[in-house]
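So, here's a batch of structures to check.
Presented sequentially are two complexes of chain A, the first with chain B as partner and the second with chain C.
And now, the complex of A and B:
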């Protein structure tokens, strides 16, 4: 259909890049923010602004909290459609789990509840609380941890939970991005030279394209790797073989595994109390030390709670390496006797753990973490400049033809790039302004985010005009600069943690978020200024009065 | 390169072949791959991981190929035929092994 292979690849690059770029922008931006999700958590929940803590005593502190956890209300409401009869007032508890990292001051506790009369016998729902591990006090449910509970799920699922639609859209976008990268490489003859080419003072179209190529090529291995491993992490959703046609094979393997490890798949039906878990944790830590890898607990899992077949699994936090293995050690819950130590991973599992570990980054390495953040933002810059290039290339031609589709593309681009930033900054401002005691605080915060985003789309369509195509960009960049500055100021006013105080105290989590916000404000202000100058020059050149020494975009493209 | 104006039916046919057909072909590869690896003694879990690592590279290659290959008939025959053959074989073999 195309005259040459290169033209086919060009078409693929242009249109996959444009259509999926809107989704990818969201994935990249919130992926970049998720690199610092725990730090954003601390910024957004002032009650959690203290040092990360090791796992506290299970028996004294955690067990009583687990016993109080009830199913999350939205989960419970959704589950009523998946059962054939009425749900009992209290659901049977299946398992407890607690998760922490070297960046978590507060602890996440989860309980799974079985669903009697469920259509799918394995169906279950969850309940969770966030805990201050120093005191055992629960954080109020309305205190939404914006990093790990809002930005992170947005990164991989777009908060579209119906039929896992968000995962599929993100997956398709990731695949399309891989195709855009491959085709991008195909259409560039001088890939290596582009690594070193950026002509900010050349014609705008040229420097936009330079920046597109530079950010695309510099971070190419990074972006390729993340899109691919992102797909592999959720492969079970995209190719659910083990729960469909291969279920018999999968289940047979699971039973074989259970027989081998001695970890029962099903509860026995006989009630039995749990032996002291702290002793098992101490034993696991001794065993890690004996292997020369002393470490903290990252994940603790109690299966078949209250049953004679209960097991306790203790996993090591992966603070000191890339790969994701937990060196799991498993105990019989009723007696505390050792059941099994996970053997070293095989080759395939080892490769997989390494790749997913590199994507999910549980390790402690701050310079690398900042590089991840910058790599994500480089992806945003690549997509944003791609949008600009697409629109500028077609603007005059479409205006001459009277075609209207480009206006929609431009409005969507503004809202996706600048508008997304504005909505995020508005969310942070709302987070600092809404009273802590507000009952629906999390819902109100989210509404601020989505409505602001929608408003930026309205603004972009309303303010765009053929005479001033850059005006929506300028205004939204200015709004972004103002809102991010406001967020930093409000953090200082409402919590007393002004930037100089947090930095002086060495609180890099809260201070770092403030610093990054100031960085965003600076970049947004610079972009707004540069675009305003361009718009002025453009209008002057349209009016035929080209200013002296003009190095704009009219003559040299 | 703005002169590139492929006709819509061609684009849709290739898009469908690359995205939907590519998924089906990869599904066939995933299921048949797992069955084959389990048959030669690998654990289900390892087989699944290995196949998943390769699956998306295959899917990507199919998607790019859908826009590079000349003949639409050859594209659909390869992708559709491969998907049907592999999925069918995996389904039969899984039934026989369980």
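And now, the complex of A and C:
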């Protein structure tokens, strides 16, 4: 097999890194953007550019909106295949929920609808609206919140919803990444000795490997724990025992839990109105305060709406610690009587909540949020330099053998790294250019993203050549710099929120996105310039005029 | 003391600690142009570790331990990257801490 253990680990690291690296690059990049998903939401939906708000009155403002929510059209269309016979015009309402965080100016309201005659008795669909909590006005459905509704699902599910395929691919990539990290540590001969080593003036191959090692090792705990906690969050999908072989046990446990907690599992069938929910929320806040906890509501859930068995559950927005904490307090919906206060989690539940919270970052801590963002970008840099190292190491040998596989790898690398950035920037430009009233605005925006990304792959395949291997990188980095600058300029022109105005007004959400875009533009321009110099020097060295300082590259060539 | 100031001090301690750890390696000691051929490795590593502990204490003074631990880990990643970048482009900036902790007798060749 392999002569030494280290050679085996090198093979594992190289091929796991290459094959899964394309997926991991997407996961890391959009994961880094998702750290600021709510801020990107505000940038992409100008109507939501105001300060985050606490939960407004349920009884006066939210209840009438919940009553108006209808099932989401795509959910409804998909549900028709899961029922026997036609669906009734009005579906029975099961539950209401409202969710907010300390970074959300707008509120998300969800309603679950039961599916009569469904093949799976528990099957249901959702309807949702986004609300301005100051006025109760609904945001137009075509206003897509790019951060939380496009980048974030792309991070964990790749928008491949069929059979939850995206979750499985991302899970496989995360598992492969754990193996790549461990094998990477094994093959790195001088982990501490070279921890601080970066030689930008050495040969390209050397400096790229230095950067790969640096970004991989300094953020190793971040890379490891994010891959691990990502897997923990979706463990229910990857090990679906509870909904398959252990379904009877799961159902029995659900009934046992309902009996234990006093929160009914099924509606009673007797209609009953809901008691004032605002009084329950105020009571829950008093109870949290008595325990010395920050008392903002993060999640409110009304189960069995309109039934005598209705319950209202109020959860805390746990912003003061890492663990995903809720300290739920539950009330009888028809009377407002206190049913239960959630006890502290056990050891297993506590570990699960901590690992989930570590990944989902509900805490209120801006420096840590920025550090997470940088950790995600370090992961991108590590993967991108891995691609470059792989290609550079094999370029001459493959060219001599006339093998074409490397050209495909290089084109995919360019499209996955630079092309993904170009597509994202094009999406932001489209977001600022398309009319707000356009009916299919969200679909058009998405099409711009996917088609641009496809075009970058076409461009990389067309422009790459053994003579000028860096040309597609240079051109796409330049395009990225131009498009990100254009996005910042268009934001100023179309909304009046120029960078200096947002910063002067202390609007760090919109101003911060603009600043980050300018940062991306600067890095892309610097990379393009550096690669252009390298390409020029490489051509000169091939022509015989070897410049000083590139002996390493030329020697290998 | 305001939290921002404490966290800034923590970042400073973390950068200084990582710089000491880097300078405890012979190649970086020479790269920075610190006195003598070899660094006082044990002293540099002990000082580096001590500064990292100070950074952790400062983080713990600001936040709940779960958040403080995360801030410290990620802060160290940024600090290590900054030290690597300084060694790559401005190695002389690290000469001063090297001089401060240098073994004078060894530096003078005694």
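One rule holds for everything that comes next: the second predicted complex is superposed on the first by the 548 of 557 C-alpha atoms of A that agree within 3 Å, B and C clash if a C-alpha of one lies under 4 Å from a C-alpha of the other, contacts with A are read in each partner's own complex, and residues count from 1 in each chain.
The definition used in the following text is that a contact is a pair of C-beta atoms (placed from the backbone, for glycine too) under 8 Å apart; a residue touches a chain by one contact, two chains touch by 3 or more.
Computed from a predicted model, the values in this text were never measured in an experiment.
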Exercise. Are chain B and chain C a fit on chain A, or do they clash, once the structures share the same frame?
Worked result: fit
Problem set entry | Partner chain(s) touched by A:167 [first = chain B, second = chain C, both, neither] | neither
Exercise. Touching A:198 in the superposition: chain B (first), chain C (second), both, neither?
Worked result: second
Exercise. For A:110, is the partner it touches chain B (first), chain C (second), both, or none of the two (neither)?
Worked result: neither
Exercise. Once the shared chain is lined up, is A:373 touching chain B (first), chain C (second), both, or neither of them?
Worked result: neither
Exercise. Taking the superposition as given, does A:50 touch the first partner, chain B, the second, chain C, both, or neither?
Worked result: neither
Exercise. Once the two complexes are overlaid, how big is the angle at chain A between chain B and chain C (Cα centres, nearest 10°)?
Worked result: 90
Exercise. Of the partners chain B and chain C, which touch A:253 in the superposed model: first, second, both, neither?
Worked result: first
Problem set entry | Of chain B and chain C, the chain that contacts the larger number of chain A residues | B
Exercise. Touching A:346, do we find chain B (first), chain C (second), both, or neither?
Worked result: first
Seminar exercise, completed: Superposed, chain B and chain C have a smallest C-alpha gap in Å of 18
Seminar exercise, completed: Seen from chain A, its contact residues with chain C in the complex are 192-193, 195-200, 214-215, 218-219, 221-222, 320-323, 354, 358, 363, 365, 367-368, 371-372, 374-375, 378
Exercise. In their complex, what parts of chain A are in touch with chain B?
Worked result: 1-2, 5, 7-12, 14, 172, 175-176, 178-179, 182-183, 228, 231-232, 235-236, 238-239, 241-242, 245-246, 248-250, 252-254, 257, 346, 348-349, 351-352, 355, 393-394, 397
Seminar exercise, completed: The answer for chain B against chain A in the complex is residues 1-2, 4, 6-7, 10-11, 14, 19, 23, 26-27, 30-31, 34-35, 38, 42-46, 48-50, 52-53, 55-57, 59-60, 63-64, 67-68, 72, 90-91, 94-95, 97-98
Seminar exercise, completed: chain C residues touching chain A in their complex are 7, 18, 21-22, 25, 27-28, 63-64, 66-67, 70-71, 73-78, 80-81, 83-85, 87-89
